[in-house]
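Shared chain: chain A. Partners: chain B in the first complex, chain C in the second.
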Partner chain A sequence: MTTQTEQSAPLNRGALGVPKPRVSRRRSAVVHPRLRGGLFGLAGLVLLALIWELYKTLGPADGVVLGGITVLPRTTDLAMPHLAVMAERLFDPVTGAASALPLWQAVLQGSLFTLGIAAVGWLVGVTVGLALALLMQRFRLAESAILPWIILSQTVPLIAIAPLVRRWGAQIQFGEFTWESWMSVALIASYLAFFPVSIGALRGLASPDANHVDLMHCYAVGWWKTLWRLRLPTSVGYLLPALRLAAVSAVVGSVVAEVSIGLRGGIGRLIVEYAGAAGNDPGKPWAPIFGSILVGLVAAGFVGLIGLFLRRFRRGEVA
Partner chain B sequence: MTDTLNVPGGDVPGGDVPGGDVPAVDVPAVNVHGVSRIFAAGKGPGVTALDDVSLDVAPGEFVSLIGPSGCGKSTLLRLIADLDVPTSGSIEVFGKPARQARIDQDYGIAFQQAGLLPWRTVAGNIELPLELHGVGKAARRGRAAELIALVGLSDFAAHYPDQLSGGMQQRVAIARALAESPSLLLMDEPFGALDEMTRERMQNELVRICAETQAAVVFVTHSIPEAVFLSNRVVVLEPRPGRIRSIVGVGLGDMSGRGEDLREDEGFFRSLSEVRDLLHGDPDSSGTGLPTGVVPKTGARGVETR
Partner chain C sequence: MKHRITWLGAITAVGALVLSGCSTASTAPSTDAAGDLTPITLQLQWFAQAQFAGYYAALDQGYYEDEGLDVTIDEGGADIVPQDVLAAGDADYAISWVPKVLGSIEQGANITDVAQIFERSATTQISLKDKDITTAADLAGKNVGSWGYGNEWELFAGMQKAGVELGDINLIQQAFDMTGFLAGDIDAAQAMTYNEYAQVLETINPDTGELFQPDELNVIDWNDEGTAMLQDSIWANADKLESDADYADNTVKFIKASIKGWIYAANNPSEAAGIVTAAGSTLGESHQLWMTNEVSKLIFPSSNGVGMIDEAAWANTVDIAMNTKNETGATIITTDPPATAYSNEYVTKALDELKADGVDVMGTDWKPTEVTLNEGGN
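And then the complex of A and B:
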């Protein structure tokens, strides 16, 4: 394509040798799709902000009530602070104490803490999920034995298993190693994260064309080589969305588990703590919410980065 | 290619094709003996895809399998490739059981779908079998470059399959099948998905490649001109149950002498109409009139000029 552009370039020049805009327009068209996606995302955000502010100005102070049920929230400053209030609050200290950090800094620290735990949970979850998928792909018996349990596992509410994990963890101790609370949180995060990976990977590993599988059979190569050369590369298209889902699940799992286990230092704790301040400081509870969104975005972005490296294996999807 | 080309199949009943005698020492490239394949159905007797089929392919010989859908031609090819196991009968490739021949990589294979790995370049795809079987990097590179030149894709070595046309992809698949210099090529309708013009060009190229590599070929197709143009012998199969109706010897000379003008040749048309008549099953030869594998005399029917 580049050669074509180069060749046609002289033809596109006007009498004075000034390039006509056609070439540059063509080049910008190449950049556009990605840029356009970003712009649309930004536009969505702006729209959301507009709706918020618009409703706050125009909506009734007591909210919209239909037949005794509130269907739209109150628009008081307490219930729906202005976006500017939320933003300004970020730069004020957390508390009135002299040593208090600015709010954004405290939230950022909490975010990093949670991100670290979520990352550990994600890694464990991905490892376990992949291992289960491989086992199920290798042995049909394993698939029928394990798959229902995997699906069943996700019906157990997190709040129910959190205390269990903590109690069991407290009993683990060998040598220097002691089980710490953050490990419980990471374990619960991995409990959420492994599910999409195991299901996605199982589908991905089974996705190669019958043709390709036949070919590998003709080449008389074993299961491992077929896995490495065919099944894993083909499963990338299924694996990446699963990994992204797992990353987001790990973040949600971490935040929720921090709350149910009572671990200090993370976003989950801050959400609970700052929610108490909502009565006289309406901007404050929003800070850790933004923090958790940030953590989710970073996690999803990280998987996007992995996808960039594995781009080669997704060629088929483009065609 | 020498007179081994026209060697008739030894085990075929009445396989009296004009040609030379089988040299006693020569092991056939493919020996199919009394093979049946019955696919089990949920209830009932199952589907008989192949019924007591026997066929020999001599080294260096080009044999086409032709017949309507459901005649078991692809099944036969898959059995030879050991992608499937016969219900009864035996299949030997170069004197070895099919399974052993597969493990020893005695054949190369190409399917109707090119089946290239989309994440590998043209060169990478051709190198795949070599890589899987532990051939060193330098040797792999060299062989791939050689084959890419053979199929005329030298400018496209670094392209990915999605950047190639269907015909080009199929050429890559053929190059890949040839990567380990097999003495037998198995091809399952490799040009089936191509347009007519590309198809004829590919046939010309295949003829050239076969002349160069001297490999025996078992070629599944449902195109009569394709079968006649390419083959030394055309095996006509009939469906339900899959049987060999007849084997037609195409006396069009060896591969190196086959060119575009062959398509205008009188012998080409004669074989064409012969195969066509057999396929369309004129009343006396359809059904169970003829025993398996009986070859009617060449040129018994009038020459059709299309």
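And then the complex of A and C:
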């Protein structure tokens, strides 16, 4: 189970396991490694923008068609608006109505709405996923009983469960509590989010060296303490990528479920509403797409923040 | 280590609180002001837009309240089937197209068309003038667009009537925008008079540098071709109509107030369009007004009074539903729908009450307004 990275990792660490700054002559000391990552990310974005504009300028107007199948898109202003058109459109009002907000503001509001729902879905999904993983780790029988169902659960298409969730939700009511539509969306998001967490956490909890587990046995340490001292710390390398995957799944799940059950206020609704403008206002449909990218970035960034706190356990992260 | 984990826990907890706070704050408060109002839920088949202007107008103008009803309008979504929501008991009434519901009824949904709000069909097949497609027969050999999902039957019936086989056309799955048509991939595109047709008229014609004009387009209107099917109607739960006298009473009240809403929308299109926009629709101002005006044309002038189900039109819809085959050879239904599939009992009562109040339910003299579409529908 022990990987090369895991073994070599401690060598990079100083006393107390705090990573030593990895300074080498090749990497100039001027740019911080994390900043470098950011710069590369930005460069990738610029490259993408360049490719878009370059293809739009040089590509044939009718796209590249091979044997009747379009392999590269048209380059007309309708099919591929200039990036400047998309950007400019963001600062114009949504509609001509006097009370209309600027497009960027409407999209930002939608993004925050979707982010909130995705966050709730993510929290529920992570909680359920972790609970299932712990259960399966503790009891062999539970693993045999639950694991196949967890995998099967992801084969149920979203469009099938979305109306069901809304219908069942509509029937839930106790006391002051009534089920709102956004909860259905959050539930669907959590349905997608729990899967990577349960699988990742299960693998992570099972990842400690047999030697280490045996050592715990020798010390007559109970399951809970082994969990806290050994299994949880070693699972971090598996857990973080799972959490990131869950965050992205929760965002995608929220957007799709919003469209699916017709919830107003989020990015999903905006994507559908603005799609009709594709023919005469080509910049507009792109705005909510940027919004959903933004939501995804924030969600991934949040998981990155968790990663910072768990820095000292991040040995041999498994992607 | 303990220290860090505590911190993480605290941050996660705070985050959760903030986020759940955000989400609950955005939910609409349920209005339950007067305790003696009967709560009623109406399930639409799509998002709020002027296609449903009459219901939003009735709500806004207090017509439902006047009848003692506290109506909540539930918007539809991509995977929300209004007749299923109704049959499951999660809504009291639903708006849907007759051909779409006929299939559900054959599958066991026990629901009734209690008011045929749209007398005419809004589905058309539009093409540029130079393609020279003016009748269903001209579709042969052309790239014909359709959204599918139950929107294709009038097209198929029209073709079948004109002797054009499905194999004679190149059927193209049309998206919910008109880019395929504008790019020339689709010769004859499906378009609702109140929506996609306007989307084209809101677009600059690259050849003229001005907005597309109606005289640059050919329109195949299925009302003229004789294969129009009945569209937006109010559906009610047949079991409850039978067993629950209050529900039957409320049905009359609901239809009555809805018809008043539609009359208001037809006579005050700008105000009605504004009401729909205020209800959360983000369509452009001129597009919303166009839609309000066009749906009014589907209702007024009315042949038998708004909402009356014309038996000949119903029979034609059922006939097409039973005898038109799609690309897989299937028909919508295989046997005649049960007698409970429609009823004029409730709408007749509602119309009688309205007439007694001096309301003009025919709109014989009603004239549509002239709507000028702006680029992008703004």
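Note that the second predicted complex is superposed on the first by the 282 of 319 C-alpha atoms of A that agree within 3 Å, B and C clash if a C-alpha of one lies under 4 Å from a C-alpha of the other, contacts with A are read in each partner's own complex, and residues count from 1 in each chain.
Here is the rule we use: a contact is a pair of C-beta atoms (placed from the backbone, for glycine too) under 8 Å apart; a residue touches a chain by one contact, two chains touch by 3 or more.
Everything quoted here is computed from the prediction, not taken from an experiment.
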Partner chain in contact with A:221 - chain B first, chain C second, else both or neither: first
Which of chain B and chain C A:123 touches, first, second, both or neither: second
First, second, both or neither for A:261, with chain B first and chain C second: second
Which superposed partner A:153 touches (first chain B, second chain C, both, neither): neither
More chain A residues in contact [chain B versus chain C]: C
Interface residues of chain A shared between complexes with chain B and chain C: 233, 312
Chain B contact footprint on chain A (complex, rising order): 209, 211-212, 214-215, 217-221, 225, 229-230, 233, 312-316, 318-319
Footprint of chain A on chain C - complex, ascending: 1, 4, 7-8, 11-12, 15-16, 19-20, 22-24, 26-27, 30, 46-48, 75-81, 84-85, 88, 90, 175-179, 181-183, 195-196, 199-200, 202-204, 277, 280, 282-286, 374-378
Chain C-touching residues of chain A, taken from the complex the two chains share: 74, 76, 78-79, 94-97, 106, 112-113, 116-117, 119-120, 123, 159, 162-163, 166-167, 170-171, 178, 180, 182, 186, 233, 258-265, 269-270, 272-281, 284-285, 302, 306, 309-310, 312
Residues of chain B defined as touching chain A within the complex: 81-83, 102-103, 105, 107, 109, 111, 113, 115, 117-119, 128-129, 132-133, 160-162
